Structures are given as C-alpha cells and as structure tokens.
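Heads up, the next two complexes both have chain A, just with different partners, chain B and then chain C.
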Partner chain A sequence: MERLVRLGSWLSLALVLLPLLGLAAAAIDPPPDPFGGPPPRAADVLSGGLLGVTVALGLIVTALSVGVGGWLAWVEARADYPGRAPLGVLGLLPMAMPSYVLAATVATTLGPGGWVGKPLGLPVFSGFWGATLVLVVATAPYVQLVVGAALGRLSASEEEAARTLGASRGRVLRVVILPRVRPALVLSGLIALLYAISDFGAVAVLDVPVLTWRLYEAVRTQDLGRAAWMGIALLLIILPVFAATAFLRGDRAAGTVANPRPPRRVAPGPASLALTYGLHALVIGVGVLIPTLTLGGWVVEGLQRGEAFAPLWRPARDSLLAAGIGAALTVLFAGFVARSGGRLREQAVYLTSALPGVLLAFGLILSALAVTRAVGGGRAMYGAVLGSGALLFIGYVTRFLAEVYGPLKTAFEQLDPRQRETARALGASSWTWLVRVGGPAVAPGAAAAFSIGFLAILKELPITLMLGGATGLSTLAFRVWDRYSESLWHDAGAAGLALVGLALVVLTLTLRWRRHV
Partner chain B sequence: MSDPLVCEAIGHSYDGTPVLDTVDLAVAPGEFVTVLGSSGCGKTTLLRGVAGLVTPERGRISLGGVVVSEGGRERVPTERRRVGLVFQEYALFPSLTVAQNVGFAAPEPARVAALLALVGLPELGARKPAQLSGGQQQRVALARALAPKPTLLLLDEPFANVDADRRERLGAALKATTRQEGASVLLVTHDRQDALSLSDRVVTLVPTPSGAVVAQSGPPDALYHRPVSAYVASLTGACWMLDGEASGATARTAHGEVSLVREARGPVTLVVRPEQARFVGEGTREVIDRRFSEGRWRLTLTGGARCMGDAPVGARGGLAFDGPLWAVSPASPA
Partner chain C sequence: MLLFLLACAADPQPEGSAPEAPAGAAVLTVYSGRGESLVGALFERAEAETGVKVSIQYGDTPEMVTRMLSEGAESPADLILAQDSGHLGALAARDALAPLPSGLLAQVDSRFQDPDGRWVGTSGRMRVLVYNTELPVAELPSSLKELADPKWKGKLGWAPGNGSFQAHVSALRALWGEDETRSWLKAVEANGPTRYPKNSPQIEAAADGAIQIGWVNHYYWQRTKPETAANYRFSTAGDAGNVMMLAGVGVSAHSPNQEAALKVAEWLVSEGVQSYFATETFEYPTRPGVATHPDVPALKADTLAEIDQRALADLGPTRAMLQELGLL
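The block that comes next holds the complex of A and B.
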C-alpha cells in the first residue's frame, strides 16, 4: 500500500514535468518553420508590445481585483447593511462562469453597440478594457474568499487593546489589522495575477494581443517555433510570481488565536454604503446577471426566429465524462502526493498548476512530438497518442492538481497517526480502519476536491481545444466556443446556459462541502 | 480624590439573555480588587463595560469621578477612558517588537526601558512577541497596559495560560509593579487562588436567573472564614456542608456537638474546611478515598465528610473539629 502511494506520487511528478520537458526540448532544438524559412528569433516574436500588454493586463486586473474583492471581504466581515448575506453569496457565483462566457456576453451588452451599455451611456468595454472588466469580475470572488478567511481569523482583542491604549481608528487599521491581513492581500493578488496572465477565454473572445492568445494562434497555424518563444516568455513571467506565492504559502499566519472573539459589526456611512452596493452591482451584474440574461436572450431569439437547435445531449454527456474522469484522475494523483508528502513533489504540483492551460497543452504537444520523433514514429503514431485522450487528461491533471491538492492535503493532515495506532491496538485490520475511520474522515475533503476539479474541467477551454479535438470529445465548453465563433448565437446560448447551470450546481456543492473540510 | 472606579447598578443582557442584574462595585485609589465568579457568570462583561468595549444597558460607570457610561449610553469612548487592559490571550501586536508594543501609547524610550526592567524583561525589547514564552508575553502585556500611566488597570484572567509554577512569581511581579506605579487594579478571574492571594478585597458574583449579582464583598480572609452562603464558601475554597441544630454557641450535628463562631438558634448549615476536621479512631464512618496533597493526607468518609488524617481506605472512625465552625443561611444570628 505504502509503496503504491510512493510510486504514484513519483508518477505524478513525472506527469507535471512532462509539459515542461516538452518546452525545454523545443528551446534546445526549435521546431522548424512551417514554410521552410529560418527559425524565428525571440526579438521578432516578442516585439509589438506583446509582453507589455500581457504584463499590463495582469497588473491592472490584480490592482482592481484586490481593491474590489478586498473591500467586499472587509464589509462582509465588519459591516452590517441590508442584504449583506444574500449579496455575499451571489457575489461568489461568478466563480461558476467561464471567462469566455463572461467576455462574450460583456461584448454584446457593454461593447460597441451593446444593448445595455449604449442606452445607459456607459463607457464602451471592448478589447483590453473589456478583458480587464471580465477578469476583475472573475477574480474578485477569489480575493474575497482569501481575504475574508484572514479577516475571520483576526481576534478582536488586539484591536480592543489598541483602543484602550488610545489609538484612533486609522491607527488601529494601520498597526493592528493591516499587518495581519497583508499576507492574504498579497497572496490573493498573486492568485489574481496568475489568473489574469494565464487566462485564455476572455482575451481570445475579445481578441486582446497577449501571450496566451497569440501562442494559441501560433500553434493553430503550426508555427511551433514562434509558439515556443512565446511559451518561454510566459514561463519567465510566471516563474517569479509563482516563487512569491510559494514563499507566502509557506509563511502561514503565525500566532493567531484558536477561538477569536468576533469583532463588532458597524453600520457603514453613506459613502461606504454606496461603494459597497456599487461593487456588489458590478460583480453580480457583470458576473451573474448579464451572462445568464444574455445567454437566455440568445436562446429566446433563436426560438422566435425558428432556428434549428443542435441537440445538447452529446456535448452534455462529453462534458460530464471529461470532467468526471479528469477530476477522478486529478484527485487520485493529488492524493498520492498528499499522502506521501515530499516538498519537491508538492512544489512541482503548485508550479505546473500555476501555468496557463495554453502553455501546458503546448508543452504536452511538444513532448509528444519529441517522443515520437525520438522513437522514430511518424505522423500516425503522433495522431494515435493525441487521439487516445491521454494527453488531454494529463493536461487536465497537471492544470488542476494544485486546486484539488489543497483540500485533500487538509483532509489527510487531519488523520492523526495515533488514531491508526489506537485502532490497531484495538485489533482493527488496515482495511477495517480504512472503511470505518480513515475513509469517512477523508471523504468530505475528497468530495470537495473532486467537485473543485470537476468544476474547473467543466469550464476549461484551451486544453480542451488544443488536446481534445483529436479525441472526438465535443464538450459544452467546446460547443460554446465553436458556435460563438461561428456567430450561431442560439446554439452558443443554449450550450452556455447548460454549462452555467451545471457549473452552478457543482459550485453550490463545492461551497457546501468546503465548510466540512 | 474620587474613586478610580464606581459602578452603580450595572445590568446587561446579550440578545435577551440576562448576564448582569444589578452590580455595584467600587475601587478605591491604590486598591487591588478581584471579581471572583464561575466561568460565564458575567465577570468579563463587567470588565469590558468598564473598558468601554461593551456599553451596559443599565446603570452608571464613573472613572475618577467622570461618568463614562450611563443608562445604556456611552459618554466616553474606550480610547479616551485611559484605563489599562490586559487580556487573557495578551493580544500583543505581532507585527511590532516588544519595545514598540510597550511604547504603543507612550513612546518615550526611557519609560519603555523602565517598564521592561520593572517587569523583568530589560533585554527583550527588540524581540517579536512570537519569540516570547507565555509568561513573558503576559509581562509585556502588563507593561504595555501600564505605559500610559492609567489610574485603573483591568486584568482579565491574566494567568489563565500560565502554568501553576509561574503563576506565583507572575502574581508577585504584578503586585509589586502595580504598587510601584500606584495603579488601582480590577482583576476578574474564576481562580480562587489568584483572587485570594493577590487582592485587598474580593467581590464574588453569583449567577441568578435574572443575571449575576454581588454575593459578598470583603477582604479575602473574611470571605474564606465568614462566607455569607454555601455558594461563596465553595467559591473561595474547598469545603463541605454540615447540617445541624443550633442552640446558642453550639450546634448538634451528625458528627456530634460542635462549637459555633457566632451564636445561632434553629437549623443551620455549617461550613467545614478540610483543615478544620481531623480523623479520629473512634466512630462508624468508613474511609472511602484518600489523597496526598500539600504535605498531608486528605480523606473522604462515607456521607461525604472530608478531613485530614492518616488512615487507609476501609478504616473506620469519626471526626473531631478544631475550633468553632461558621454557620451560613438559614442561620439566624442570636
């Protein structure tokens, strides 16, 4: 049993290194130009502001997202205002929305000629600023969760001690609260930054010239040399951000109180209240209302025009299959790593999951090419590898291993070795222990981990596009993308509604299970 | 000079659950007063009311003659009350050094150094709170609370997280420090040892369905030897109750005739501290348990009587009482 776990954990490490090895192989031995020209130079590939736009998008999204999510976490923890609880829950729902759905619906409602923005005289959101809006709304709930958790761990007594010592509100905030929340603010900012740099859906739909979108286009046109340079540039941008998150993750809040006394809630002033409702309106409006209403509107229009709807059962089945198998595999491999421990393997898990799906998929394609070339297999062998779905599921596993790893590790950490020893002393076999004690203890964490993986794969687009096509799988995500690109709004709307509905169900389950972890 | 603290008829409830009924309490200049009560009886609420972290629904609180809260209205906010508060969990600011913590409200380096020396940590100013032991953190919290020279120092179970060995030394340091600083002290605790050993005066709180009320207030020895009720008797030390029929200076009990501290008539309940009763060879009670503590064997006999004496479990005998016993209600002083 122990040996199996150790073997599995090393296999996990091999999997997460596979796409990186592919990229490394391409850097050493660049793939040829499709038109027989000289191999492209990095300077040519990365000119034209590609790097600048990528970094600018990431930084602007991060700043705004930390502001929006941080403020909402603060008022949720400390303020008392009508509708606080339901607005707090609704504000988390954008996590169920794929960024390409958000972007597509923002483009038709708030973009040039948008039917919501134009009559209301709102600024036009398209291209860069459209993607900024979408990514802020998509990442703010993550910031809200991370910062909210840190605020929840704060004990009121430090603030009360400062007040008895005569400190003003401003000084209490600066000296007592901010130092406690700063790691969470920075960590959530880095998460938002990674999300924004890695995003594919929003920048693809809104055609923003950033590395992920241009990398995908280069792969699609078989220009692997150019794609390799862009992949390496992405990796170089992400590595320092990743190193910072790894550093912060190891530096967990020291000296918090086990049973903090909850602080008093205060009624916010009119300006704070207006800001709070405004930000709720932004997140819920752009992240929940606009996408659901727009998708619904596309379907209704299609019905009114008597359009023929492509049946949804097959994409729905394929989505459930892909997400189910993918999440199960991810939980399995994450479980190996979580059970066996090992700092190197853990860091490798976090690293690959910090990489954009586009980059991972590309790395896997490159490693498959390198391997087939090395063993002398031709196009047929490469096609067979791609068509088997192995690469698709390795892509899913590597992309989402870290998200699944967190709750699983927490669950395993709760397994006290003394409990197992006690069970053995009481005469229980390993199997009895697993069924009656260990299994039930880990089950809620495993369920939460599975649902997190399931939701992530359900929404996933670039890996599905790049590695799933050859397998014959046609998921809901693929259907939305495909029909939206073809301007078949009614089909995109129907598939989008099905996808969002499914994602909302899974998200609700995840948020519920997460409380038990 | 007006008293540093006067609480008049304080009452409070949380979401309709009464906590404090009508509590009167005063602390004189330089006095060390302890509020003693069981866990959850409202001691901390009273302390937080004085600090201004809770505004009591009823009653009036004055600090140094200034009314700070009255009839559910806050008159002076916490940050302007100038009281020192030491929390059970210390609540040091983790991002600041020890010296910065102490100097939070009084940043003069000389004052900080003097206070750190006073609490016995002169060389630890540059450390962060996380690098200190529990007892050291407690002393830093005390120095921080004393730094702005409060006239009243509030302590909430200050030794709850310190082992028994350290308690005594910390208690002595606390007493010496507050005396030197001339601060009056209000300490709340459920630990009778802390309460009796440190205080000039102990105020016992007793929970009732309408909230806690003051059961008895006085010097520690008075509460120990002359408690007004069985509740106060057990709150202030180990004891058991013996029913009897009083007739003047003596009372008849199941353990024979005993003498009384004060004369009474009719049925009485007598408080017996273990050290007041001795095991003797003649009698019919059986020893059912014995424990060794503080240099002596303590025996438990059938019927619940507890006494001192060296006898094995199973031995039979009776009790002899050293000195007169104290009668609590329903005593009617003669």
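The block that comes next holds the complex of A and C.
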C-alpha cells in the first residue's frame, strides 16, 4: 500500500504541475497582445497598489476568519447551549454560496435601498471592508469545520490528567489543547487565505482593486501572457506563507489516544454565550439568511408574476454527479499526499489553489493544446480530451486540493503511530490496518474534507464552464449564473435555493456520519 | 481505471430523444457567449429546422474569444455566437473568422454587419437611459453629451466594467475623437455617478429612486417593466448616445464543417429566428422587415448614430483610457 500511496502522491504533484506548465509557457512566451500593447512584464502586477490591497485583504480576512471559525468550533465541541447542533450545521452553509451571489445579495440587502439598509440608513455596501465581511463569512465555516474535526479527536483523559496535576484551565488550553489543534488552525487559516486572494466574485461585485480583478481583465482582453504573470504574482504571495505555515504548525502532534472519550460539555458564561450567539448571527445572518431570503424573494415575485420556471431536475443531477465524483477524487489525491508526507509534494498542493479558477482552466487548456500539438493529434484528439471530462476533474482536483488537504492532513497527523506498530506486530497487513484502525480514525477528517470539496465544486463556475462545456454537464451553479447574468431573477432564485438545499442534505449526511464514527 | 471512471462520469446525456442525424454528419460545436436562457430554447429547434446537429458550449463572450484564439486550429468551435460584436471584431482582426458569402450578408441590414464581411449581427440592444419617472421627460438630456452637465451631480449611475459600456465608449472615441471623449468621461465622473458591476441593477436603482438616470441597454426594462422607471433614447437624430450593440455570429476559419456552419449562421438571421429575438428577448432584429416587440419602439431611419462597426471592437485604447481615468 505504501507504494500505491507514494505513486499517488507523485501523480498529485504531476496534476498540479500540468496547469502551471501551461501558464509558465504563456508567461515566458506570451501570445501577441491583440491590441498591440507592450509585452507583459512582471512589474505590471506591482502597479496601482494591487499587490498591497491583495495581501491586506488576504491577511485581514484570514485573521478574522480563524478567530470566528475557531471560536465557533470550540463552543460546538465543548459547550452546551440551546440550538448548538442546528446552528452548527446552518453555519456551514455559506460554503455552498457562490461568492458573487453572496456579495450581491448582501450588498443589496445592507445597502441604502435594502430592507435592512434602508431603515438603518446604511451607506452603499461596497469596497474593501464590505469584501472583508463577505469573505470572512464565506471562509469562517472552513475553519469551523476543520478545527471542529480536530477538536473532536481529542480525548478528555489528557486534559483531566493535567487538571488533576494542578494545571489551571488556561494552562490546559495552552499546553494540552492548543498544540493539538494548532495544525488545524493553521491549515484552515491557509484555506481562508487562498480563498480570499483567489476569489473573484466578491471583489468584482464590491469593486475592490485586487490582483484577481486585473487578472480577469487580462483574460477578457485576450491577454493571456499578462494574466499568467499575475498568476505567478499570486503564487509569489503564497510562497512566504508556506514557510510561515511550516513554522506555525509546530511539531507534528503526537498521536491521540486510541479511543478518544469526548470531554464533558460545560454551560458557557453569559459573555461567552453572547459572543457565541453573536458570531452565529453574523455568519448565518449574512452568509445564509440574507442570500436565501433574497433568492426566495425572487422566486416569490416570479410566482406572483406567473413566470414559467425552468425545470431543475437535470442541473441538480449534474451538480450531484460533478461534485460527488470531483470531491471523491480530490479527497483521494489529497489523501495520497497527506499520507506520503513528502515535503515538496505537500507544499505543491497549495500552489494551484491560489489561482483563480479561470486561470487554472486556461493553464490546463494550454497544456492540453501543447501536448496535442506535440503529438500532432489535431482537433479530434483535443476534442476527445475535453469531451472525456478528464480536464474538468483535473481542474476540480487542482483547484480544491488545498481546501480538502487541511482536514485530511490534521487527521493523519493525529493518528497514533504506535497503533500502527502494534497492528504490524500482531501480523495485520497494512490493508487490514487501514480498514480496521486507520480508516475509522481518519473518517471524521475525511468526512469534513469530502463535504468541503463537495460544496466547493457545487458552487464552482469558471472551471465547469470552460472544461465541462464539452462534456454536456449543466450544473446548478451554471443555471444560477446564466439566469442571474440576464436578470432572470426567478430562475436564478430557484436554482440558488436548490443549490443550498442540496448542500444542506449533503452536510447533514456527512456530519452525521462524522459524529457516529 | 481512473480515466475510464472519468469518461463514464462525464458521458454527456442529452435531454429528450432528438432524431438521429444522418449518418456521417458531424455535430456542429457552437461557442455561445449568449446565455442558455436567451438561446437555449432556440437552439433546440436548430436541428429540426436546418438538419444540422449542434452541441453548444456556454460561457462569457470575452473568455470564449480568448479561448478560441488560444486553441487556433485545434478549436472545437465551428461557430461562435457572441454577445458583443466587438469581440467578433477581435477574432476577425486575428484572422480567426472565415469570410461569409455575399448571399448571407445581403440578408442583414448593412449597418449591422462587419464591413469586411466576416460576421453578421443576429440581434441588437439599443443603448438608452433608464430614468425614474418622477423626472419629467422634458428635463431629460436631448443628447448624451449633456450628461456632463453639473445639474446631474449625484443623480447618475453607470457600469464601466460592462462590455456594452466599453463598446459604447469605443464608439464615442470614433465619433468624437480621443480628447473630447476623455474630457466628457471626466466631466461625467465629476458628477459622481454610482458605479454598478453590470447594467441591470441600474433599472432597479432608477425605479427605487436611488439614482435618477442610468446608462444601460434597452431590453432589461422590458423584462420586469417597473412602473416607476422607463427607457429613454436621445431625441437628437443620430446622437452619439443612440448606438446599437450587436450580438452576432461568425464561422471559425479553422472549422472543417464550413457548409454546416454557414447553414446554421444563415438560420440565425432567418425570419423565424429573427422574430424569436424580437418577441422572446425584446431585441432589435437585424434582418430588415422583421417587426420589433410591441413594447420596443421601432427605429426611425435617422435614429442611430452613423458608425463603422469595427470602431466598437477597438477596445484596447478604450480600456487604457478608462484605466487612466480610474474608471476600471
């Protein structure tokens, strides 16, 4: 099995390199600017403070998101308060909301003409801080889910031992708990950072000048060379973060005990309770209620006007298919890397997740074209590659590898190596170990990883459009975008609600499984 | 095994049971920058009416054009249906479109096609103002230039990131010249217009009174017909504000299915399809003699500004100008 894992992890690296090579070629030898402008230079991306705004937005969103999501994960695992379970699940739903929908509905609702903004006299909702709010709400659930999975694997016995030995609560938190969840905090913070710097929807709607904005602009003016340079700039932002991550994650946590016994839940004090409900209200209010009420409002208005609704059966089926298979593949490849522990491969999983989907899709297209041309396969071969869906799923895997990797890696890190040795000493094969011991221990992390991948692909658009068009897949996210762009609100609303519904079903199923293991 | 799985998963399963295409006939691939909501139902009729089996890939027009240019001879696209003719111009400028036969060109109003004959318009959206009906029509500007008047301070909306906006500014550069266009943009910007990410929110904003005047394409209003807002086109004949934005079709120069592609292109400007655009999407037909929707005022002979369609495609300097003015 070790050989399979190693092979798989190298394959993951190859998948990551595929789009990057296509982009590198476009950056080094750019296609001519159709408008006869100067050839793109690396320095272009430094103009206009784009880099500064991008980094600032990324860091602020990450810090706030780790704070909000970390706290919610903590109280979900350790506190007992009315509504804890349903609030915990509802609070994850912003992950299913395409960020342009989230940003647009929040901007309308909280803006001067909206049903919240108007009575409160709020100003126009846009710009840096607007985008910060939207992105924190969009990313905090990732932190909540990943850190929650890590907390769920801790056992009460260690903490009780520490308490018995006279350690204060604060000291137990610092010395026993924090080191165990530190990798989860750092890795989920990294997910938030990658999301914030590669997202286009929220910054476009809220008019924030960041790198992705200019990058889309370049793609839309047939200037792939310039777009590729901006992609490289995004990767350069991420590189120092890798080093910081390795440092922040600290020592690999020693394994947890074999059968973790959950600690007793405590009733939180009034201040904690207020903070908890306040943060739930923020995430669920902004990230779930506002968008779903707005989408619902569009549906109701459509019904009142007697509009005909397009059937949702086929897009729902295609979404389920794309997200199900895509998430499973992403978890598989992320699992190979997480298990193999190769340092280079481990860092590579983050590279492509820092790139906006449209650039990643172009990278894959350029690589596929280069291979086609090299072997002289022509139109037929290129068409067959696209039509097979292989590029589509490679696109999903490489785009979301990092998001799925976080919860898987922390799960593997918390595995107790001694169990493995014991099993081996008792003559169990590595497959037996995987099925009987390792698998169940990793299951909560894998469930969290799968739900993250599933929701991410559920709402994905640029890769689905560009690489999935030839496969005939027509997803709910496509329906929302297609109808939204043409201001056919009733259909956009219905498809959006279907998307949220599907996400809720999948989250409920995977989280139940996570709890029962 | 993995590839097999992928292939199975991605197996396209078209809806319904379309009649089998004649043996050996290729499936025509259409890159459509026009949304499924606009043309999906239309293309379902394509095979029955033309005998050509089509497969459509949807996307944003600019991205599809970038993709087609990168793909070159390997591109699966036989035909491209673009939301903005400006992008067809970009393809034509890079020799990615095949010249169309004169028989096809003759069916389309000469103002609504490429003077070099490499694409034809399939339907048009007129650039108009949308205004709050509390504003008396008499007070509305008779010409686009008047939006620079300081009396509109704090009352305007626009969407500089939008493709039609940029194509219209390209038209203004051709009609007015660079300097005048730049100073007009500067003066309007000094009126502090509210920026929108796209056209349509301006309809609602004008209806709510959040803005008094928005600068949009005509057909969004007809979709929802809010009572407190209305469309307005400039009363001055041939005003630079009265410009038609065209959606159009071109045939890929690399397509091995030229004949079938032309058949579908011709079908798109046929009377039946032109009436579809007029009645279903409230657009202006490009084929002479096809009536507009009752809610859409017909064009008079002298309504539109006289402009070479190629000018609308000259987006590079437009974007540079907008960036220089801080509008992008």
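Definition applied: the second predicted complex is superposed on the first by the 261 of 517 C-alpha atoms of A that agree within 3 Å, B and C clash if a C-alpha of one lies under 4 Å from a C-alpha of the other, contacts with A are read in each partner's own complex, and residues count from 1 in each chain.
Criterion: a contact is a pair of C-beta atoms (placed from the backbone, for glycine too) under 8 Å apart; a residue touches a chain by one contact, two chains touch by 3 or more.
Remember, it's a predicted structure, so these values are computed and weren't measured experimentally.
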Practice problem: Check the residue A:Glu486 against both partner chains and state whether it touches chain B (first), chain C (second), both, or neither. | Solution: second
Quiz item: Between chain B and chain C, which makes contact with more of the residues in chain A?
Solution: C
Quiz item: Touch check for A:Ala316: first (chain B), second (chain C), both, or neither?
Solution: neither
Quiz item: Is A:Ser168 in contact with chain B, with chain C, with both, or with neither (first, second, both, neither)?
Solution: first
Quiz item: Taking the superposition as given, does A:Ser157 touch the first partner, chain B, the second, chain C, both, or neither?
Solution: first
Exercise. May I ask you to decide whether A:Arg379 touches chain B, chain C, both, or neither, giving the answer as first, second, both or neither?
Key: second
Exercise. Once the structures are superposed on A, label A:Leu509 by its partner contacts, choosing first (chain B), second (chain C), both or neither.
Key: neither
Self-check item: chain B-facing residues of chain A, complex
Solution: 155, 157-158, 160-168, 175-176, 179-180, 254-255, 257
Quiz prompt | chain C - residues contacting chain A, complex | solution = 2-3, 5-7, 9-15, 29, 35-38, 55, 57-60, 62-63, 65-67, 69-76, 90, 93-94, 161, 194-195, 197-198, 200-201, 203-205, 208, 210, 220, 223-224, 254, 256, 315-317, 319-320, 328
Exercise. Could you pull out which chain B residues touch chain A in their complex?
Key: 51-53, 77-85, 87, 89, 91-96, 104-105, 129-130, 141, 144-145, 147-148, 154
Self-check item: Complex interface listing, chain A residues touching chain C
Solution: 31, 33-37, 104, 108, 112-113, 124, 204-205, 207, 217, 219-222, 224, 310, 314, 321, 325, 329, 358, 362, 365-366, 369, 372-373, 378-379, 382-383, 386-390, 392-393, 462, 465-466, 468-474, 478-479, 482-483, 485-488, 491
